[in-house]
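Data block below; observations after.
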Amino acid sequence: MNRTNQNESIAEIIERKKSKSNWLGNFIEKAIPVVLWLAAVISILTTVGIIFTLLKETSSFFSEVSILQFITDLNWYPFFEADPEFGILPLLSGTLLVAVIAMFVAIPFGLATAIYLSEYASESVRRSIKPILEVLAGIPTIVYGYFALTFVTPLLQTIIPDLPFFNALSPGIVVGIMIIPMVASLSEDAMSAVPNAMREGALALGSTRLEVALKVVLPAALSGVIASFVLAISRAIGETMIVTIAGGSSPTLTFDPTDSIQTMTAFIVQASLGDASYGSIIYFSIYAVGITLFIFTLIINMIAQYISKRFRESY
Amino acid sequence: MSLINKTDVEQRMHGRQRKNNVSKYLFLAATMFGLVVLAVLFYRVISQGAPHISWNFFTEFASRNPEDAGMKAPLYGTFWLMLITAPVSVILGVSTALYLEMYAKKNRFTSFIQTNISNLAGVPSIVFGLLGLTIFVRLMEMNQSIMAGGLTLALLILPVIIVASQESIRAVPSDVQEASYGLGATKWQTIRRVVLPAAIPGILTGSILALSRAIGETAPLIMIGAFTFIAFVPENVWSGFTAMPIQIYNWTARPQEEFQQIAAGGIIILLAMLLIMNSIAVLIRNKFSKRY
Amino acid sequence: NGDGSGGTPNADGANTEDATDDGGSEGEDSAAGDDAEGTVSGSVGIDGSSTVFPIMEAVSEEFQKEFPEVQAPIGVSGTGGGFEKFIAGETDISNASRPISEEEVAALEEAGIEYTEFEIAYDGISVVVNSENDWVDQLTVEELQSMWLEEGGATTWADVREGWPAEPIQFYSPGTDSGTFDYWNEVILEEQQIRKDVVLSENDNTLVQGVVGNKNAVSYFGYAYYLENQDTLNIVPIVNEAGEAVEPNEDTIASGDYNPLSRPMFIYVNNASLAEKPQVYEYVMFALENAGTLSEEVGYVGSPQEVYDEAISTANEIAGQ
Amino acid sequence: MSIDLKPKTTNTNTNVEQVENNQSASKRNVYEVENFNLWYGSDQALKNVDFNIVENEVTAIIGPSGCGKSTFIKSLNRMIELIPIVRVSGSIKYRGENTLDKKYEVERLRTKVGMVFQKPNPFPKSIYENVAYGPRIHGIKNKKMLDEIVEKSLRGAAIWDEVKDRLKENAFGLSGGQQQRICIARCLAIEPDVILMDEPTSALDPISTLKVEELVQELKKSYSIVIVTHNMQQAARISDKTAFFLNGELIELDNTNQLFSNPADKRTEDYITGRFG
Amino acid sequence: MSIDLKPKTTNTNTNVEQVENNQSASKRNVYEVENFNLWYGSDQALKNVDFNIVENEVTAIIGPSGCGKSTFIKSLNRMIELIPIVRVSGSIKYRGENTLDKKYEVERLRTKVGMVFQKPNPFPKSIYENVAYGPRIHGIKNKKMLDEIVEKSLRGAAIWDEVKDRLKENAFGLSGGQQQRICIARCLAIEPDVILMDEPTSALDPISTLKVEELVQELKKSYSIVIVTHNMQQAARISDKTAFFLNGELIELDNTNQLFSNPADKRTEDYITGRFG
C-alpha cells in the first residue's frame, strides 16, 4: 500500500518540511524566551513598585517626624492633633504579641499534624485530610475575624473571666489556627522528602515509629520544618482582618496577651478607612507603618529562605 | 564480653512501645483539632446565615432594608474581578515559571528573580493594597475600577502561582523531555507538547487554590477603596465594583441585628465558592497524581 | 422643582414606620416631576464617611428606582479619604461626618475646585452603660471629662460621683479616627489626651457587645446603634448647656436640646458637577428632598425642614435653574 | 492494511548511499569520532576517544559503572549538551560533517540519530500520540499519513499486534517491556539513520529483554545501532562490534567475537572474566 | 582504648547457646521458613518457600531481577510489613518462635536481626551518632559505654582507622563504600544475632566492594549472615550456602560449591551459565 502519491520516504518529507518552515520556527524559538523573560521581570517590577510606593509617601512622613522618634517613642497616638506621638513600638509589640500567640498554637498542632500525616497516616488518610486542612487555610480572613470575636473570645471569657472583650489572645489563637495548615503542610513536605531509606534503616534497628519520627526524620527535616515556622510567622505578622476585627484598636506597648492591642496591619486599615485628610501626617504615617511591615516581613522571609536553602543541600 | 545488657533492652521494649502508641493518638488528636475548628466554624456560620439565603439573595442589590438586601452586585463584582485576575496571574505566573525552569541560566540575575518571588510571596496583602492604590488607582488613573482591583489581586497571587507552576514543571521527569529532544524537537516544541501538558494539572491546582484565596481577600480591596454600595452590574472592566468580602464586612458593621445574619448568609456563599474551587483542585490533583 | 413635595418636619417622627411610608410617597412624587425633564443618565461619584454611608446608601437605593439610567455607587473611604478623592476631582459628592478641615479647604482651592456644603442629617452621640447599671441617672460634661480624660482622675464610679459603687469603670470607645471619636474629641475631650486604658474599636457593634457584657462598662456611639440595642443597654441623659438632663431621641437631637452631643453630617458637592452634570443635579436634589425621612429610617435624625429648603434653593442657584 | 514487516524494512531507507551500502561488501562509517574529550566542569569523563561506527552494524559498549558509556553515547546526538557544565574538544563526524560545529543544527542531527533510554520514557499521552509525536513536530499533519507511520513504526518495533486495539490508551498503562518497544517505535517513526540505545533492557524482565534483543537483531538490517549494556552476555549475543571503556578511556574496540574470546588488552580480559566490576 | 578486633569478635555473643554452637560441629538453625507465601495485593511474589538458615554461615541468595530476593530477605525481619498491601501465609521461625505471630513484637525481632541495604543509608548525623543511634534508643545513655560501643562496632566493620579522627563529622561526607561500612557498624552496635544484607555492594566501586566482601568473611565468625546479590562471582567468593530463586520460588538451596559446580536443577544451571537474566 502506498503512503502518498509521491514516492517519498518519511525522512525526506521531514527534510523538506524542515527547510520550508524554518524561519517561522526559528523566530518562535528566539522570541519565546524573550517574552517569558519579560513576564519574569514583572515580578521584579512589582517589588520595585511596592518599594517606590512606600518610599514616596514615607519620605514625607519622615520630613515631619524624626526617625529617632519613630523607633524609640513608646506611644502611638497619631490622632491627637494637639500632641500626636508616632512611636512604632506599640504597634510592633501588638504585632509580635499576636504572632507569638499564633505560633504557640500553630507550631505544636501543625507539627503534630505533620508527623501524624507523614509518619503514621496511611496514604488514603493523608490524601483526604490534606485538602480539608487546605480549606482551613483558604477561609477568608474576615470570616475568621468574626469567628474570633463572636466565638473564641466569649469562650475564652468563660475560662478567664476578666478577659476584656478585645484582646490579643483571641485573634492570636485564631491566626494560629489559620496557619496550622501552612506549618503542617510545609513540615510534612520536608519530612516526606526525607528518603524512606532512612526510615527503613532506623526501623531495621528496632526503632518504634515514634523514635523514627523524632530521632531520625525530624532532625533530618529540621531546616525545612524551621523554615515552615518562619514562613508562618511572616504570615501571622502580615495578617490583617482578624486582628482588625478582634484585636481592638488600642496601640499599647504590652506583652500581656489579655490586653487590647493594635497591630501594624490593623492600623493601616483603620487609618485608611478613617478620617485622615490627604496630605496629613496621619495619611503619611500609613506608609511609614507599611514600610516597617514590609521590611519586617522581608527580613523574616530572607531568614526562611536561608534556612531552607541550607536544607536543600543536605541529602 | 557484651556491652549491651539484653535483659535491660527487653524490659525497656514495652515502655517504648507504649510511648509510641500514646503519641500516635496525641498526634491524631492534634490533627483532628484543625478539623474540629473547621466544623464549628461551618456550623456557626450556617446556622446563622442559612435562613437568609433565598433566590432573592442572589438577584437583589444591597438595600437598607435587611429583607430586601441581596448579593447581586458583589457576586458580579467578584466574578468580574476574577475575569481580570485569573488570566493575568496565570499567564504571567506560568510564563515566569517556564522562564525560570526551562530557559534561565543559573546566574545571579536568575537567583535574584527567584529570591524576589519568594519574598513577594511573603509580603502582606495589605501592602499589595497600598501598591494597587498608588500605582493602579492613582498613577495609572484607573480609579476604583475592576481593572485596578483585578490587577492588584493578580499581583498578590502571582508569586503563589509562579511557585506552584515551577514545582509542577520541575516534576515533569527529565527523561521524557530528553526523549523529545532526542527526536529532534526544539525547546519550544518540547515545552509546548511535553512539558506543559504534563505540568498542567499541577499548574491548575495551584492556580485554583490561589484564586480561591484572591476571592476571599478583603484588605487590599479596602485599600484601593472598592465601592460599598453599588446598584448596577459592571458593564466593562473600567466600571466600579464591590466584592463579596467587602459587602460582608460592611454588613457586619451595621447596627441592625438582621444585617449580621445577612452577613453570615454572604459568608456561606463565599465558603461554598471556596469549597467548590478546592474540590475541583483536589479532583484534578487526584485524577492526575498517579501519572508517573 | 420638587419643593412642594418635601415632607413635613419630623417633629412627631418617633415612629420610623411612618417615616418609611412618607419616603415612599415622596419618591413617587419626585419621579413624576423628573420624568417631565426627560431621562437622565451617566454616573455620580460619591465617596467618604462611613458614618454618613447608611443615609447615602438609602438615597442611592431609592434614587436608582427613579433614575435607572444613572449609576450612583458609594465608596467608603472615610471622611478624610473621601475628601482626598474630592480634591483629586475623582468624585462629585463627598460624604463627611465632620466639617471640612482647613487643609482640605486649601487643597481644594489649589485644585481650583469650588464646592458647596449641605447639611443632611443629625446624629446624637449616645452615652450608654450596662443594663444592670442602676446608679448612673445622668452625667454632666465635666463628669464625662473626669471619666474619659487621661488627666481626669476618675477610675471608679465612686470617683465620678459620691455614692456610686467603687468599681473600676471599663471604657469602650470608637476608633480614634472615626467621625464619632473626632466629635467626642472635640466637644468632650477638648483635644486633650483620652484615657490610655480605653478599649477602641472600629466596629460600633463590637462596642455594643462590650458594654452588654460588662456591668461597669461605659461607651458612646452613634444614635442608631443605641436605637437597635435599646433593650440591652441603658442610655445616659446628658446635662446640656441649659442645665437640663436630656436623653437623645428624634426630638431632642433635631431641636438641638440634646447638646453638645448632637452633631450634623454633611455632603460636599462639586459646584461644577452640579451645574454641568444633570445626573448630579438630580441626585443632589433627590438627596436633599429625601434625606430627612431616609436618615431616620436608618437610625439618624433629619435636620429641620428649613435647612433642606434652603439647601435646595442654594443648589438650584448653583445649577443655574 | 496488510503490510508485513519484511518488505517494509528493506524499503525503509531510500537514501541512495544506504541502499548501496546494504549491498556493498565493505560498509561505510556513519560516525567518526576523533580525539574526543569531555569534561563535567573540571572532571574529565572522556579521554581521547577515537571511535568509528559502521553502517548497519550493532556496536555494543561495555564497561564498569561510571566509565563514561552513557556520556559517550549521549555525545553522539549531542544530548550531553543539556547538562550546562559540559565542555568538549575533538571532533565527532556524522556522515562526514562535524556535529560539534557551532553551525551544525542539533535538531537536524537528532532527527537523523534516534535514541532509546535506559528507563522506558514514553510521553504521558496515548500510544498513538507517542509514536506520532516525532512526525508531528516535524510538520506532518495529514491524518492518514500519520496513521500509516504509526502502524509501520509499531510493526517495526514488534509491538503492533499487542497494542493495535488500544492505540488511544495511555502508554503508561503498558508493561515496562512494552513501553520500551513503544519508545523504539517512537524513534523509528521519524526514520532515523542511527539508533542509540543506553542500557535499553536494564529495567526489563527477562522475557521483555529477549523481545528487545530480537528486535535489535531485526533492526540492524535497516539501521546502524549503538547499544550500551551492563550485561556482557547481552553484548556477546547481539552485537557485531564491542567497545570496552574504562575510566573514560576507550580501551578496546573490536569484533565482538574477537574481543570476548581473545581480548587484546589485559584490562579487558580482567573485566570480562569478572575480576572486577 | 586498646582493644583489638580478634579477641573482641570471638567474645561478642555471650548467649550460651551460641557459644556452644560455635564449638559444636553441627550448627543450629537460626531461621526455619516453612511453606511461606507472600502476595502484593493479588500478585504472588513468593511461593511455598521452605528455607533454613544456619548459624554462623553466610547464605547467599541469587536470582534474576524481580524473582523475589528482596521480598524474601525483608520478610525475615518483617520490614516487608511497611508495604500495606502485603499479605503472607506460612511460618517464619526465628530461634524457634514464629515471627509472623501477631503477638511477636516486631521491634524485638529487629533488634536481634540487623539489616544492611542496597544503597548505603546512613542517617544525616555525625558518624558517632549514626553508630550510637541503636544503643541510644535501647536506653543506653552512659557516655563512656557509648564510646566503647561505637569504637567496637566501627572496628568490627573495619572502618575504625579511616574515621577515628572525624567521628563528629557528618556521615554523608564519606564515600559510598565507607558509608556502607558505617551502616554495617550501626547494625553491629546493637549486637544482633543475624545480619541481613540486600545487595550491599551493588552501589559500590570495585575496591569498596572488596572491602565489604572481606568484612563479611570476618563477620561470619560471630554472626549469621544472609546476603542477596546479583553478582554470581560474589556469591561464589563469599558464601557457604547459596539459594537460587526464580519467579518467587526457591529453586535450589545448597552448599555454594555444590550449587555452582553441579547444580541439581536445570534452571539453576541455565542461570549460572548466563543463559538468561
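Think of it as A, B, C, D and E in the order they're written, each chain with its own count starting at 1.
Convention: a residue touches a chain if its C-beta (ideal position, glycine included) is under 8 Å from a C-beta of that chain, and two chains touch if they have at least 3 such contacts.
Chain identities (UniProt): A = Phosphate transport system permease protein; B = Phosphate transport system permease protein PstA; D, E = Phosphate ABC transporter ATP-binding protein (PhoT family).
In this text, all values refer to a predicted model and were calculated from it rather than measured experimentally.
Participant: What chains do chain B and chain C have as common neighbours?
Facilitator: A
Participant: Which chains lie in contact with each of chain A and chain C?
Facilitator: Chains in contact with chain A as well as chain C: B.
Participant: Please find the two chains that have the most C-beta pairs touching each other.
Facilitator: Chains A-B share more contact pairs than any other pair.
Participant: Roughly how far is chain C from chain D, going centre to centre by Cα mean, in whole Å?
Facilitator: 84
Participant: So what's the Cα centroid distance for chain A and chain D, whole Å?
Facilitator: 50
Participant: Distance from the CA centroid of chain A to that of chain B, rounded to the nearest Å?
Facilitator: About 13 Å separates the centre of chain A from that of chain B.
Participant: What parts of chain E, by residue number, touch at least two of the other chains?
Facilitator: Those would be 107-108, 111, 137-138, 190.
Participant: Where in chain C do residues touch at least two different other chains?
Facilitator: Chain C, residues with two or more chain partners: 50, 76-77, 81, 88, 202-203.
Participant: Give me the residues of chain B that touch two or more other chains.
Facilitator: In chain B, 16-17, 186, 252 touch at least two other chains.
Participant: Strictly by the criterion at the top, what is the full list of touching chain pairs?
Facilitator: Listed by label, chains in contact pair as A-B, A-C, A-D, A-E, B-C, B-D, B-E, D-E.
Participant: Which residues, counting only chain E, touch chain D once they are in their complex?
Facilitator: 64-66, 205-206, 233, 274, 276-277
Participant: Using the touch definition up top, name the residues of chain B that touch chain E in the complex.
Facilitator: 1-4, 8-10, 12-13, 16-17
Participant: Sort out for me which residues of chain C touch chain B in the complex.
Facilitator: Touch residues, chain C against chain B: 47, 50, 53-54, 56-58, 60-61, 64, 71-77, 81, 85, 88, 90, 202-205, 222, 224-225, 227-229, 294, 297-299.
Participant: For chain B, which residues count as touching chain C in their complex?
Facilitator: 61-64, 138, 143-144, 225-232, 240, 242, 250, 252-257, 260
Participant: So in the complex, the part of chain D that touches chain B is made up of which residues?
Facilitator: That would be residues 77, 79, 82, 84, 107-112, 114-115, 117, 119, 121-125, 133-134, 136-138, 172, 183, 186-187, 190 of chain D.
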